[in-house]
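As structure tokens, here come the structures.
Paired with chain B in one complex and with chain C in the other, chain A is shared by the two complexes that follow.
What follows is the complex of A and B.
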């Protein structure tokens, strides 16, 4: 390849165009995105900063069981007389970390199998999707319960069980999105170069799945929180002495009349976390729909005026 | 033709803006249509012609609003009309025929149900106009549009009809109530030439028989020229020229109209096509003076000073231009020099023989034979459904269920691209029809063009590849600033240039172009075809050029193969096939091509 004179090579392009960062930024500029992010940020801040500012040890009994709020324990005591405030502050981050890990696992497995099924079609598609059908026959919570109850309540197993229970649903969504993208000519153009199919999936198709992927991540995160909290409530997940919002609701419900704060505060935090995550996901979904429409219709600059604002 | 009657449509000073702003999408549009007249409203994409068409029905798209002017249709101002008035008028007095008949019909309802709906909704009008019993009227209308003899049509669903039949059903729906005004929005763009001609004949016959005032919107000047009595040319939301068809085609006075006419390929002569470089201005960035000034070859300093007044020429010919003294007289294009330097004994590059292809159990190609020589452009023409795209896909290895032989430089090619050797994949490049789906929207133009280079030359250095990409970008007349842009920031023509650049960057020997200009405007099509012709000569490429646009073939190809229902019906040098077609199918195809008549001749469609 010879150098032609008089041709300047411009600087390499900026990398992110309507990628992850831009989508999050745009979503955060919508009113609902701002509310969702605010609520989510508040709860995450409580969970992350909490352990460092908790006034007492989460496992030390310092007041009478189910005693009401007092100077010593601001939100009263729980079933064993432990400080509710300290347990609330300390019990969030494990829940969050577990939810995030389960989401990452479920979305990764689900996306890989969904994209493979949608793009390869034929036998791999049949195999993957029939497996998905079988897994989907079990309700998600029951499926997770089944796995946990066989092997026993440990943190990693809960994450694994919840993650796996997400995978089939993610696979469904990603497969249909892949079917749509694979039909487009730029995928065919890459096939005509003789590029390996694995690389086409990763290099050409996946970047066009950012929108459904973002929505799936948000949605699965919301579900993970609910399921993990639910499993903790049912006694699976983290073993008892450790503080966890789900466990707290279960432990303290018999003392609901004596000290409602021990149940209400963790319940509100879980609710806020879920609402925040789903509101923000909704904002992301709205932003990505707009982007996809633009990319597909290929609106000419001159035609923009004719489009809906 | 019936003598022109009373004025049915009178649009005066129409101005449509983006809601809540002063950005005009349509400005100062005025025209008048009498009964029995057919007005051609011509413009390229984005010129605002559909917005005007919808305004005739009293509709503005969401986000737009009428800021000034009036739209008198059948003596009612559609801008001020109440919802009830509009409901009565639409479908009864003024009807709209959309571009795509397939999406205009409800796929879940039978044809009969949909046709009766119009007559039932306007029951009062049916009796007021004395059209008789709705059932009888329905039969009559079907007869009028040429659908009378199809059994069980009313029980059929839209998907059971062909595109031409669907469009006739839409026509029947429109003419059922004998409207006084009919708005046709590119009704034949999706149809092939023969069907198009039949539909156009029907429209013309019905309009003149019942004294309907028709507004025909199109980007295709050849179609409009054969049909319309008067023409209105739009550019960037304004009327830039209007007059009788003979005047506008014979003595085009606006530089834009002149350039547009030069961009249209002619099936009768081999001519150099001249496209119009640049793009129409975006509504928010329109220049202060003439909108065409930035692209105009005759531009003078005064053109940018302020709004350009309308100049009146003899014969009711109006033009919005300051330089009319330079644009009088006919505008003749230079004929294309058929390069005699080319060798006649070309080596065969691609040889397809006995090719039969199927989709499932349907055979779409049978026993097709075709050769493309080195440095030669072979055009493959045929109507939609003739199998021309399938043939292209067999050649490049995208369609794999075929039998027969495809040889490239004497070597047999395996069916699927995945089984072909990299050298073959590199030597044969395919350019897709739709530039909007051919480029990955998540990658920059630089990344898109560099990809094949990186694939075929894995050991090349980054700087080598960058140089080559920059060179090919300049070859397709795109500046280096396109490097870091994304496909959605490009116009259709620019995207197609990128697709061409992506094919050229690996120095192919055969380019397979599948209807690469069908999604583009005429002026852009001309620039792309000229670019391709130029590149072919410069790089000694072989071209397999697939198109349904016969006129285009004359401008680019040396040999043409005509395909019908999966079979080759005729093949030979372009000049011979166009001037002395032998096969009856080819003869009919040539007759149906709408032609632009330049000069003072009266425009006409070929006799039915």
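What follows is the complex of A and C.
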């Protein structure tokens, strides 16, 4: 950086931002944070460890279709006589991986465009936000269905579709958070030093968006689970023979009277997953709102409260 | 500022046409034209989605086993032998003149499939939305008035848990409870004869409506409560209480009108959410609406039907956004005044 000799450049004012770990720790110390994290951890454990402890192959027919619980199949059989327990144990990790990937994609694209719109202002802002407005004219699931209908249901396409459908909402939130941060002294100071705008966005703005970013990640993860499980339920996720909690609920509901477990257990797991994720996200939101009030940044808008259900 | 707010809010409930109407009319004109522009861009995107079908759209739709004659017929029907601009022109022209083409799945006119389905869905959305609004706003106001009571805490925890549940989990739970395993008192699926409408058999509406109400009410409660708590904590409410106004009158005259604008936004969002929520719910209950039609159309790659339904839903979105903005403006006297 070029400065006249003899002039000392004052260090940019200290910025207050809390680390990811600190926020997670504080959220986990709230009662609802503890409950959320516990429930979430339990379901994730089932999904991750499950495939290794499943007693049978998830695709082998071993009992009569829709037979009730027996010694051979503890939770009974499904529509093709496959072991429900084994399919439950094996049917979570792909769902979780897809939801995580879609969240990462949506939050990355949304944050990049939201920060760019909020910081650069002017024409880029107009272009990005008008695009966001148009994309928000579709229900998220319908947008995903439209994309799926183009190429047909495949795992990666579902992830892409759901991730892209998150991006406009994330962009909106991150843009307004960026507008707040851009006004602060350390950003102005860095601008005066002649630092490139791209570096200011990455080095100064982004680290100060940890709070809204964490809340967004939590929210989008919850919605990803809901939408991907929903798409699987509708038959637009993984192709049929593979087990998946969403598909299981759909394919076994005609045998509800004969063996309810084939529907009830995956439904409970999906419910716990979304309840855990949203409860923990709520704890994170409470913690971050507290932090931002403390930092006197004019408090972020109620991020969780301002979202659609 | 607080005095100003107090004086304005003291001037009784909003009187839309009393103040200078210019800002309202200007807003309506502005929002409607912006909405038209949005819809036009949306139509281009929807159309682009079909053009983006890999390779030839006709092959993608019919599969590789199709005979050349079939392919040619479909190409002509979709106008694939013409330029992209021609294709878009004839598609959008057809929709604007009420002739959106024929379904690829069964050859019926698109409108004969989508029209009745849209009416059924409209009934479902309207009934669910109205019930959810009444229940949600009432409970939200009660929770705000009894802030920090047992009812407040219980409803907030329950709301947090239920808000995040996927619609199909709620729907299946209701089916298990009321239509199959536990009690068998309601139909698990709609068995409407083709050509009949949803209101012909209200019993079949109960479970779909209940599902949509359950997934939307918690959000309305949370947001109404927040808006009311904020209004109750304001200077003008404190002032009214200090001058000895009865609590009920304070709530009805001072707090409620000032919570209307945020609550209207929430109800708007609820209706938007319902437009997406019906897709899964209609599928679960085999309810003959556009949600179920959309799922079937996506399964069959029935492009004209998909295009029509997505465009309809986008139109609904734009319309609800306009209505929400205008009503929120009418409910905020401050913003109605010309600057």
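Operating definition for what follows: the second predicted complex is superposed on the first by the 279 of 309 C-alpha atoms of A that agree within 3 Å, B and C clash if a C-alpha of one lies under 4 Å from a C-alpha of the other, contacts with A are read in each partner's own complex, and residues count from 1 in each chain.
The rule we apply is simple: contacts are C-beta pairs under 8 Å (C-beta built on N, C-alpha and C of every residue); 3 or more make two chains touch, one makes a residue touch a chain.
Predicted, not measured: the structure shown is a model, and the values here were computed from it.
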| item | value |
| --- | --- |
| Partner chain in contact with A:184 - chain B first, chain C second, else both or neither | first |
| Partner chain in contact with A:49 - chain B first, chain C second, else both or neither | neither |
| Touching partner for A:263 - first (chain B), second (chain C), both, neither | second |
| First, second, both or neither for A:192, with chain B first and chain C second | first |
| Contacts of A:210 with chain B and chain C, given as first, second, both or neither | first |
| Chain B and chain C contact sites that coincide on chain A, given as residue numbers | 302, 305, 308-309 |
| Residue numbers on chain A that touch chain B, as the complex places them | 1, 3-4, 7-14, 17-19, 184-186, 188-195, 204, 207-208, 210, 294-309 |
| Chain C - residues contacting chain A, complex | 38-39, 41-42, 45-46, 49-50, 52-54, 157, 160-161, 163-169, 172-173, 175-176, 180-181, 215-216, 218-219, 222-223, 226, 269-270, 272-273, 275-277, 279-280, 283, 294-295, 297-299, 301, 303, 306, 310, 313-314, 317-318 |
| Touching residues on chain B, where the partner in the complex is chain A | 18, 23, 25, 45-46, 50-51, 61-64, 279-284, 396-398, 417-418, 420, 422, 425, 429-430, 432-444, 446-448, 451-452, 455-457, 460, 463-468, 470-471, 474, 480-481, 483-484, 486-489, 491-492, 495, 502 |
| Residues of chain A touching chain C in the complex | 32, 133-134, 136-142, 145-152, 222, 225-226, 229-230, 233-236, 246, 249-250, 253, 256-257, 260, 263-264, 267, 270-271, 274-275, 277-279, 282, 302, 305, 308-309 |
